[in-house]
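You will see two complexes here that share chain A, one where it goes with chain B and one where it goes with chain C.
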Partner chain A sequence: MNHTSITGRPAIEVKDLVTHYGSREILHGISLTINEGEIMIIMGGSGSGKSTFLRYILGLGTPTTGSIKLLDKDITKISSSEMLELRKNMGVSFQGGALLSSMTVGENIRLPLYEHQSQLNEQTMRIMSRMKLEVVNLGGFENFMPSQLSGGMIKRAAVARAIVMDPKLMFFDEPSAGLDPVVSAELDELILKLRDAMKMTIVVVTHELDSAFKIADRITVLDNGHILMTGTVEEVKNSTNDRIQSMLNRRPSNEEINADEYLQRLTGM
Partner chain B sequence: MKYNTREDNGYTVIELDGEVDLSCSPEARKQILDCLSDGRHLLVDLSAVVYIDSSGVASLVEGYQMAKKKDLKFGLVSVSEAAMSVLQLARLDKVFPIHASVEERLQEDD
Partner chain C sequence: MTETTSGFVYSVIEKLGRSTVKVIEEAGYTIVLLSESLFWIFLGRFYKQPVRLSSVFSQMISVGIAAAPIVFILSFAIGVMLAIQIIYNLRMFGAESQVVAGVALSVTREFGPLITGILVAGRTGSALSARIGTMQVNQEIDALRVMGINPVRYLVSPALLAMLIMVPILTFFSDMAGLLGGAVYTFFEIGLAFDAYAIQSMDILTINDVMQGLQKSVLFAAIIVMVGVTNGFSVVGGAEGVGRATTRSVVLSISYIVIADMVITYFLNR
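Here is the complex of A and B:
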């Protein structure tokens, strides 16, 4: 899928990323470039490494080796103050919403503005946060507490908070999880609109095939900490790779078992 | 962002130019609200806006609200494609009076 706002300039460049959890290697040398104005879907089953990958490109972990450049800044090398500055250009929609329960929806959404843009007039901040509520179809819910919202509404409010500063980079972790099909489709539409209107570069981690095929400019398929392929929707659909076809057809994989490794895992010896 | 202000048939026209983002929207807001505080009818020309973020749009919203309260005329003219897509995101294209040109607005006033 081509559209006009992809510039071809990299917004995110990951090179040879290796990460560990304890002594166990999780990502085995991932390299991936995501261009400005592009929607990149990161797909893969449980344990594929997709959530780990997201965590590292958000700067929430220190890789064993490799580099991660966001907007030309290598986040494995920059100072914490530079990282803080960079975070102003990053929005994250977490799986569970992560709203603060003691604050109203409006206060939750304005939180990044209070934190990073205190030079703005209070009324400007209020209008900005209300506009974002309108964008996610929650107009008028400003004074509700998170506990008064449904799961889908919390998720949309969290998206409103993530986009309140119009970030250049936007990350969605399993946006459709726990949503009904209508709300989920609305969220897909919203992601497309954010790319087109705000020229955002968007990374979506998901295992929802329908959603991925609808919104992706490109898809990266992860499997056991490796990239199986990166390509357009058509390229992924037409892939002859068995693992990818299993995923597309929702077949359980019949992975061969290495008896020695399996025993070692069970016995710890 | 640059801006230019001119008078045209009883309106002050503020032309915004370039990127209207967090770094300069307080200035755009000041221009808009100062003009309305002085009791002048206002048109904001967005033809040269290559990018406008929410803080910029918020300034336009605040301006329109103030114009209504003070019974002053207000409108957006020659809205660039980039600005229009941002207005559409929050459905504000259906809220603001939007005109293809200053001339078109003047004709409507007649």
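Here is the complex of A and C:
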């Protein structure tokens, strides 16, 4: 499924990323390179660390050790003003959309423009936001409040907001969660369109196998804070790794229980 | 038996330790939020991230103008109530005409700022806390951050600025309403004319009396905003968490207001 627009130049480079939640280590030294123009799917079950991984590459947390380079800038080291510049090149679609509920859809989409492109006049901003609404098939909905939209529409509006600054990097957190199969497929099409038409590098965190196999250029499988493998759809499907096969065939995993640890957890001693 | 006792003592000490750490942590967080919001107010434009005046104005309207009617009603009632009590007390000495001084000083130095503070804490403090808490739960705060919009600059700074301007103005308005309440009751009770009441009030009141109330109100405004936003940003646990944070922010800010009032009144009158 390799795509012609992938240049092979890295857009995102993560090296030896270790993160903690309180005293618990969540990610145990993750290294991953995502190339320009590719769709990388981060897959894994609940508690695999995939959402944590996303938080850190979005710069929403400070890692314990390791480096995260986005577009050749190490976000663990750069100043806040450099980070601000970098953020203009990043778009994020959150799981629940995260549109500001006090504003209309149009105002939500124009918000990044108001904040970062204030030299533009109101009419230009309106036209730009309408163009992005057309891209996500929500033309004519700019004056609706987020509460008046369905789940799928909210997610698409959130994509419109994320792409209004024409970012080079686009991140999706569980795009198909809570959507029916048809709407979910539409969103997959939209993600492919963003890569092909806008040449974006796209990272999608998901546990939906169908959608992952449909849109992925490469897939990274996370499990308990480790990378099990990174590879193309075929490579993942043909993997001989037990954990990956259990995930693909929806088999419950048989974790071995350490008797001492188990007792310790129960007694709290 | 001894083991149980020592176990109990340990758990009490542990709980005390945990809550002390929590209080210090929260106080530290509030100070960080306050410094950060002042930073954006004064220096934001040099970092190309100014605090938007339109946002400040819209908050000023909701904090100030929208609260004016209820502030008027409550302050008027307080003025009447004070006049009733003071006339009752002074009657024992046959000195009812001194009611003007009593009402004027109590309203401007104490009741105006206090009633305004409590009212704004219930109206605006709770709203701030609920708004930021809901945004936190819905990942809207994260969304702001990834769009390169600092949530403190976008949400806290305009509220702080609007409150620091509007609460003293509301307090002054409350002073006037309180004096009016006193004047109306005094007119009906002992027949003192409005103009005489006004002249006497002006004679008694000094700039210092009014300023004392206004200084307090500035402090109250800061307390309400900071308690509201600290609780809002600390929300965990969905809708229930938002409810808890809102209640907590109202109870805490009213308590802090009353205690701060006592302390500051003590020092201002030394």
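Keep in mind that, in the parts below, the second predicted complex is superposed on the first by the 269 of 269 C-alpha atoms of A that agree within 3 Å, B and C clash if a C-alpha of one lies under 4 Å from a C-alpha of the other, contacts with A are read in each partner's own complex, and residues count from 1 in each chain.
In this text, a contact is a pair of C-beta atoms (placed from the backbone, for glycine too) under 8 Å apart; a residue touches a chain by one contact, two chains touch by 3 or more.
Because the structure is a prediction, the values reported are computed rather than measured.
Partners chain B and chain C fit side by side in the overlay (superposition on chain A).
By the document's definition of touching, of the two partners only chain C reaches A:Ala98; chain B does not. Of the two partner chains placed by superposition, only chain B is touched by A:Lys199; chain C is not. Between chain B and chain C, an angle of 100 degrees opens at the CA centre of chain A in the superposed model, to the nearest 10.
Of the two partner chains, chain C is the only one that A:Arg87 touches; chain B does not reach it.
Legend: residue contacts after superposition of the two complexes on their common chain; A:Asp166 is shown touching chain B, with no touch to chain C. Contact with chain C, but none with chain B, is seen for A:Glu115 once the two complexes are overlaid on the shared chain. Contacts of A:Met128 after superposition: chain B is touched, whereas chain C is not reached. By the touch criterion defined above, A:Leu58 reaches chain C but does not reach chain B. Aligning both complexes on chain A leaves chain B and chain C separated at their closest CA atoms by 16 Å.
Chain A makes touch with chain C in their complex at residues 58-60, 81, 83-84, 87-88, 90, 92, 94-96, 98-102, 111-112, 115-116, 158, 161. Residues 117, 119-121, 123-124, 127-128, 131-132, 134-135, 164-166, 193-194, 196-199 of chain A are the ones touching chain B in the complex.
Partner chain A is touched in their complex by these residues of chain C: 47-49, 131, 134-135, 138-140, 142-149.
Residues 21-22, 25-26, 29, 51, 53-55, 57-59, 61-62, 85-86, 88-92 of chain B are the ones that touch chain A when the two sit in their complex.
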